[in-house]
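For clarity, chains are labelled A, B, C, D, E and F in written order, and residue numbers in each chain start from 1.
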Amino acid sequence: MTQAPDPIQAPLGTPVDTLMLVHQVERRAWGEGREGVVLVLGTSAGRIGTAPLWGDRQAWADGLVRGTIVRAAGRLGSFRGVRQLELSGLRIAPPDAAPLRALVPGTTTTAADWTLLDEARRALRQPGLGRVLDLFYDDPSFRTAYQECPASTVGHHARLGGLLQHTVEVVTIGRAVALAAGADRELVLAGALLHDVGKLEAYAWSTGVFELTEAGALLGHIVLGLLMLDRRLARPVPPLCSDRELALLQHLIASHHGNLEHGAPVRPMTLEAEVLHYADDASAKTSSMAEALASPEYFAENGPLSTRSIWQVDHRRIFRGRGEWASVSAVAGEP
Amino acid sequence: MTQAPDPIQAPLGTPVDTLMLVHQVERRAWGEGREGVVLVLGTSAGRIGTAPLWGDRQAWADGLVRGTIVRAAGRLGSFRGVRQLELSGLRIAPPDAAPLRALVPGTTTTAADWTLLDEARRALRQPGLGRVLDLFYDDPSFRTAYQECPASTVGHHARLGGLLQHTVEVVTIGRAVALAAGADRELVLAGALLHDVGKLEAYAWSTGVFELTEAGALLGHIVLGLLMLDRRLARPVPPLCSDRELALLQHLIASHHGNLEHGAPVRPMTLEAEVLHYADDASAKTSSMAEALASPEYFAENGPLSTRSIWQVDHRRIFRGRGEWASVSAVAGEP
Amino acid sequence: MTQAPDPIQAPLGTPVDTLMLVHQVERRAWGEGREGVVLVLGTSAGRIGTAPLWGDRQAWADGLVRGTIVRAAGRLGSFRGVRQLELSGLRIAPPDAAPLRALVPGTTTTAADWTLLDEARRALRQPGLGRVLDLFYDDPSFRTAYQECPASTVGHHARLGGLLQHTVEVVTIGRAVALAAGADRELVLAGALLHDVGKLEAYAWSTGVFELTEAGALLGHIVLGLLMLDRRLARPVPPLCSDRELALLQHLIASHHGNLEHGAPVRPMTLEAEVLHYADDASAKTSSMAEALASPEYFAENGPLSTRSIWQVDHRRIFRGRGEWASVSAVAGEP
Amino acid sequence: MTQAPDPIQAPLGTPVDTLMLVHQVERRAWGEGREGVVLVLGTSAGRIGTAPLWGDRQAWADGLVRGTIVRAAGRLGSFRGVRQLELSGLRIAPPDAAPLRALVPGTTTTAADWTLLDEARRALRQPGLGRVLDLFYDDPSFRTAYQECPASTVGHHARLGGLLQHTVEVVTIGRAVALAAGADRELVLAGALLHDVGKLEAYAWSTGVFELTEAGALLGHIVLGLLMLDRRLARPVPPLCSDRELALLQHLIASHHGNLEHGAPVRPMTLEAEVLHYADDASAKTSSMAEALASPEYFAENGPLSTRSIWQVDHRRIFRGRGEWASVSAVAGEP
Amino acid sequence: MTQAPDPIQAPLGTPVDTLMLVHQVERRAWGEGREGVVLVLGTSAGRIGTAPLWGDRQAWADGLVRGTIVRAAGRLGSFRGVRQLELSGLRIAPPDAAPLRALVPGTTTTAADWTLLDEARRALRQPGLGRVLDLFYDDPSFRTAYQECPASTVGHHARLGGLLQHTVEVVTIGRAVALAAGADRELVLAGALLHDVGKLEAYAWSTGVFELTEAGALLGHIVLGLLMLDRRLARPVPPLCSDRELALLQHLIASHHGNLEHGAPVRPMTLEAEVLHYADDASAKTSSMAEALASPEYFAENGPLSTRSIWQVDHRRIFRGRGEWASVSAVAGEP
Amino acid sequence: MTQAPDPIQAPLGTPVDTLMLVHQVERRAWGEGREGVVLVLGTSAGRIGTAPLWGDRQAWADGLVRGTIVRAAGRLGSFRGVRQLELSGLRIAPPDAAPLRALVPGTTTTAADWTLLDEARRALRQPGLGRVLDLFYDDPSFRTAYQECPASTVGHHARLGGLLQHTVEVVTIGRAVALAAGADRELVLAGALLHDVGKLEAYAWSTGVFELTEAGALLGHIVLGLLMLDRRLARPVPPLCSDRELALLQHLIASHHGNLEHGAPVRPMTLEAEVLHYADDASAKTSSMAEALASPEYFAENGPLSTRSIWQVDHRRIFRGRGEWASVSAVAGEP
């Protein structure tokens, strides 16, 4: 059944028969008494809206809520240049009909990512620092949540496992920057592993819809991360680190957005915090550019220059031509 | 002779007898008819002003200009909390009395830096790209200038060889960011090697005083770099690259400051340009922070918190305490 | 045939039968299986969309691409308050059916404009400066392109010949400002003639659709203008000017946007560059205001106050009432 | 002894003989071998520098550190238009020679302020909310610290007890704004009482010198306040409030600076947080203006218009003339 | 008749038969020749658009202009999620069929508001100041206009009587801030009563449509208020106040927006002007937040967190949950 | 006597004996009981400070106030690189010893300037507009003040007659811009003549010290100009123009700074206001650049590139080299 082409990327006219996730159910009235139901459905490749369900077909939407899994049949059409799914059938599937990653975009490199992070942790020469990280990274429930959590709800790395992927990138880039700057690589590593832990409490993703939690909206992931670290560190007796060491770790979390106007309550004051900020920024911003370059919607005429400005990268237009040079970005085996 | 302690860093009261470079000669009149001469002299560790030369001693300054090498004797004092050199003797030394690097701050890793850059160039899989870089990097006069040029006149890496050091950092960080972002590492490398070539024409440093050239002031190093690339590429027949490839390389230079308000005539539009911008920024900004942390002047009371805000890092205050954790930043042999 | 009223400005209901230029061809699917084709067509007065072509009429669009000239028949209607062309017939016309200016907005004063610029050039007292300008302005292919090029793709003077008109305005205003400021009028004139030459390589307009070229997007017209000047000056032997003179001319181009955040890689550092910047700005901004005041769309209720804010002039609202005073702006014969 | 006029405000030439606090001890060398010691001393009215102590008098400074209490004798002079204390004698006084408020600026209304705050707390209709506030405001050590803490180190209310005074102002203004806006006055009161508690850990003042603590520099008073509330609330079993209620209280602290660029990690999202922000801002900013108007230094010529711009109020110039109208600001007994 | 539920707030499907005000009449053409008329109608609860009137029903719109009162019958529907009124009948009602406040949102507390303002005026101890205020506030035509005028056309307090309500809030908050800041409360009161008088000439509201007048658009309410004060003060002989006193009052009007970028020609330079600015700002901004919290449209899913960002409050998202604590904001009888 | 070289520009060591204006008298105390008096004196070429007057010479300052004319003898010296006048004699001269323009910088082209403005006025085709201008420009006391008033206190055209000179420049540039933009040249002329009339009440200059008046500080020259126009127009019966015409003229004054953040209460909404803004800006900004280029202080080493950034032109560095081209800016007889 899921052998059918994914409706997010298939050509117009393709027939569809696949499991999908319900993101939105909206009952609308059109002029002169016509009423219908419009759904937004998703797969691991993204989301798509349906053509309205008219008349008796509206009953197909009975019982649907955000997060319901459905089996959708129909074909791909478009309306005003926007692709839509024209349904010929729809029925509710059992909740365990498919794993979440089959229905929502996600990463696939979890095991290798964990290996990289865990080896970096084990290589720490300062046992105190390692034990602070262990409070999180040796906790199975933390790991389970962390490897699913997206890195943002609509921005960079907004997919299941995106936070883990972003963390690996920050660790990797942070190591290179720390080397150039002469910063303490162990503190930078600790910062990379701790800087976004607050997103576990700031985001909800279990329904497949990525949203801010109430606490995420009211306090933000930076404050939540500071509180999470504080609460975990309050338990061990004797304490795992001195007050100053705690302040240095908290400072890494508090300042990683770099500037007050980006939501950091303080600007980086240590070399390690400065390094962490640039590693975080480089991962987030170049990832946004890479994602925009991969979106067919910005290159309507298939040329190298995007046909409109792109909000994800501050409304720039972007260019994906390369000349005659062959790209080497996917070449395997390079150090 | 140069075994005497360097007067830039020695304790107050230390006797001085060493070769120094003249940075400034100023004749001043004080109230009630007193006149004197004040000099600014430098060594490889920085600069220092002298106490005024009164009466007959003013003749010591005859014939001095910026760039003269002198042998200065005296002792270290201070005035209003600012350190000064109280001269007891001064005479002009021959122009070849000492190499420039003995008189001006400079880096010491030139050979290793060249090795790293040249091996990266040789590993390029795209011969066309390599030949463009060779136009600069196989040119001995380019190499001679490049390895001396500072990376800025008063900002980050403002020392002899600072541009080469900065380039190595951008190459290293750029490689890590390109890996995370899935960018073409060869283009990023080319951008790292080309982005600041304009500084060779924008800065003058041969007198030991770092200054903007006229062209540097009127056009800036970005425009000068674009013109340098254009002129070198105009010579080979047939041309080394297509028009689009040239535009892509020029775009890397033109956009590497990232934002218009930082002097980029265009913002990055390719993934490689975005990666280069973040690598350049991370190298420059973390280097500024590291330099500020190493300046004793900001930590007047020897505590961990700087006693005033620091203009090099956007007027932040900075912190250099570490708690009990031993720093590992200088540990050798780490990958 | 072209005696029929221009469909861009005629009243609703007017019949249409005229040559038009194809700007856009879009095939759309509406709900419940309906599909159609929508065109955007243009004349010398602007552009208009068509009502969808349904059923067999879709075949009318076969073979149309951007830049095709068509003969369109029908009448003017509107949909949701937006004017549209309801076609009753459409067929492709020969490529030479009409000159570009009959199909795209353009200026009409070319000859007078050339006279003004050429006389100003000939009156230069400094022959060296004149010879630099001659490299461009005595080149017939440059003149042919320059007198067609728009001054922007969607902003001020966005019409065929707009760049020539803008240049004349900058020359005229620049002369008045230079007089007030005591600036060198010859250098200001040179700057006015050179500041936007890069637009010839930054814009494409031959299809009647104004677009950025790849080089225009990647480098911008300022960098392209600098490169064009550099390449033309590289040819003559002996060189037409000294290095400093070249830098002064390049500085006029490089700084004419005035501020880094408007894309100037350097800010004006000479009085002539400052004068040029203000002349350029005054021409561009007051032209935008004049164009907005002439757009009926902003004065829906025919009153003197625009009914909404206008993006071309930074989202201001504008006013076109005059009281009892008769306007003298169109009075002929005034110096 | 302290009957002698306060040297901060007395006219030039006034003899001085009073207890003062040492703020700074600096040993300086002047040109040509002269050395001396300069002190900064303070009283309840502010601070003043001394003329240099030359020769044997330098021994007067032996044993002085920041915070030492001294008995200073001499007269008031000035140097370059800046007032200075010309010492004729100085000796160290016992640490208990005078209470801190006799040596450092401070408020005098502590008891009335506490009454106002405590009555407001007792009038709360929601017992849960009151119990949260009691965790702080029923704690004697909290009260002792709170009534001494300044509201800033160099800005508004920078005096002993300034934080308590600022809190009373925020409570009073917040009540008026809440009434106008229809906000929940009890939550606004809770926010006013909690918003700046972090300053107890962010500021150090016990030596009479107001400084940031390490934690204050690295995390800021907002983050410290969030952590303090979290830690105090972690103790009671069962918890004093629900998770959402805690988030609402934390949100009041986190957002009270109103904008990210002023250091709030989140912007106000509840009506009560919005009200608190405006009350806090109105108290801080009008207090800064009132303090600037009371500084004789800005009205050098005794006219109504300040003779220079004033950094405390964003570099405005200010005006203190009133015309013929008598001021009623000090009229007693008004509600 | 007006017992029927108000169509702005009633549930979908509710039948409607009520007097309404015409805000907009628009004749539109749809594709394939269909034409219709769409109206925007309003009541005291807000505005709503109608479904298009097709065919013969278009005649219902004959004779309608902005400000016409109509009796509208039909039922509430929706189109694309936007509520609309589906008319079954419409006829023009006499101009006196209902008072303006029955047709346009308005406040209801006018008498109490006047009492508060008039008592505050009478309590002034400085008779000269009172007589200046009397020039406006004892003028019956001023009072009639002032109690109807909205405080903005689309922002805070945008309802009949909104200006009077805003004035009362500024008086109340201003009194609290003046008390905290030690400002002259009488001048602050005078400023509160005068600061927005220019809105009487800047806004038109008599048709029930709130609009800028020509003078309001060309000069703004601040300049108009300054001119109104100047003209009223020009009449009495002898003058009611000295030149400086006049300047102080004009300064209160001129500076009340606080910053140049918000349209104040000067920034506050007196303590009273600073106080007035904060009182004005607190009233306007917290009122905007309160109005946004009361808009059902932002809480589509009925949860506590707004489902999208809200332009009225600078694109923040907002939160209206309260936990278990009962709100006391509506408790009567509190001081 | 005044044949002696002007001390502002003469070389160091030059003897001085000339009439000067007292700008400042300051009595200072130096360390160890030394007291002295420092003066700031001025001539038509600028200002200079004196070396301190010690001992009995302090009596020379008895009776001096700002604006006193003195005969000063001595020679030019310098202290810390700042030029100072070392007095050997000083006595008070009679108040009529020299006209103000001999003692304060001023322009010299008054008569030609008036001719240009008066002819432009007389050429107006709309008599109503001319009569409004006559209210000011036919008033002898207005003319007397206008031809002396500086255009700013410390910025552009800050000299006696600077306002008249600036007005002529705005008229001239405005005419060129209006021509290019198709604006009504008569309204632009009216705006140029009225836009800065408020400076007559905003500035005081009769003592030779340029200062803000109280009204100038509290209201600014824009508001004062609006009030001046309003009051003059209130007198004639019947009125000289309609309400809308008055609003259009007031709008020209109110909006001429162009942006709110530069103190315009409204932005330009008419084409004429837009033109006036650019003419005003071009005159003010290019004049500032020209004045900076003429200041020897920025070109310490006599090279073409300023040795430091210059606050008058937004902290740019500037360049005054010209290459081989001869400047034509001073060529006579050009139109």
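Convention: contacts are C-beta pairs under 8 Å (C-beta built on N, C-alpha and C of every residue); 3 or more make two chains touch, one makes a residue touch a chain.
These numbers were taken from a predicted model, which means no experiment stands behind them.
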item	value
Given chain A and chain E, the chains that contact each of them	C, D
Path length in steps (a step moves to a chain that is touched) from chain A to chain F	2
Self-contact between copies chain C and chain E, residue sets same or different by half	different
A-B compared against B-F, more contacting pairs	A-B
Repeat of interface A-C, chosen from A-B, C-F or A-E - more than half of residue-number contact pairs shared	A-E
Chain D and chain F: spacing of chain centres that average the CA atoms, whole Å	43
Between chain E and chain D, distance of the C-alpha-averaged centres to the nearest whole Å	40
Centroid spacing, where centroids are CA-atom means, of chain C and chain D in whole angstrom	60
Residue list for chain D, restricted to those that touch at least two other chains	214, 217-218, 244, 248, 251, 269, 317, 319, 321
Chain contact graph, described as a line, ring, star, complete graph or other shape	other
Every chain pair meeting the contact rule	A-B, A-C, A-D, A-E, B-C, B-D, B-F, C-E, C-F, D-E, D-F, E-F
Partner chain A, residues of chain C touching it in the complex	26, 28-33, 212, 214, 217-218
Of chain B, residues touching chain A in the complex	125-126, 128-129, 168-169, 172-173, 175-187, 241-242, 244-245, 248, 251, 267-271, 274-275, 278-279, 281-283, 285-287, 289-290, 293, 313-314, 316-331, 334
Chain D-facing residues of chain A, complex	214-215, 217-220, 222-223, 226-227, 230-231, 234, 243-244, 247-248, 250-251, 254, 260-266, 269
Complex contact set, residues of chain E against chain A	12, 51-52, 54, 77-81, 84, 86, 304-305, 317, 319, 321
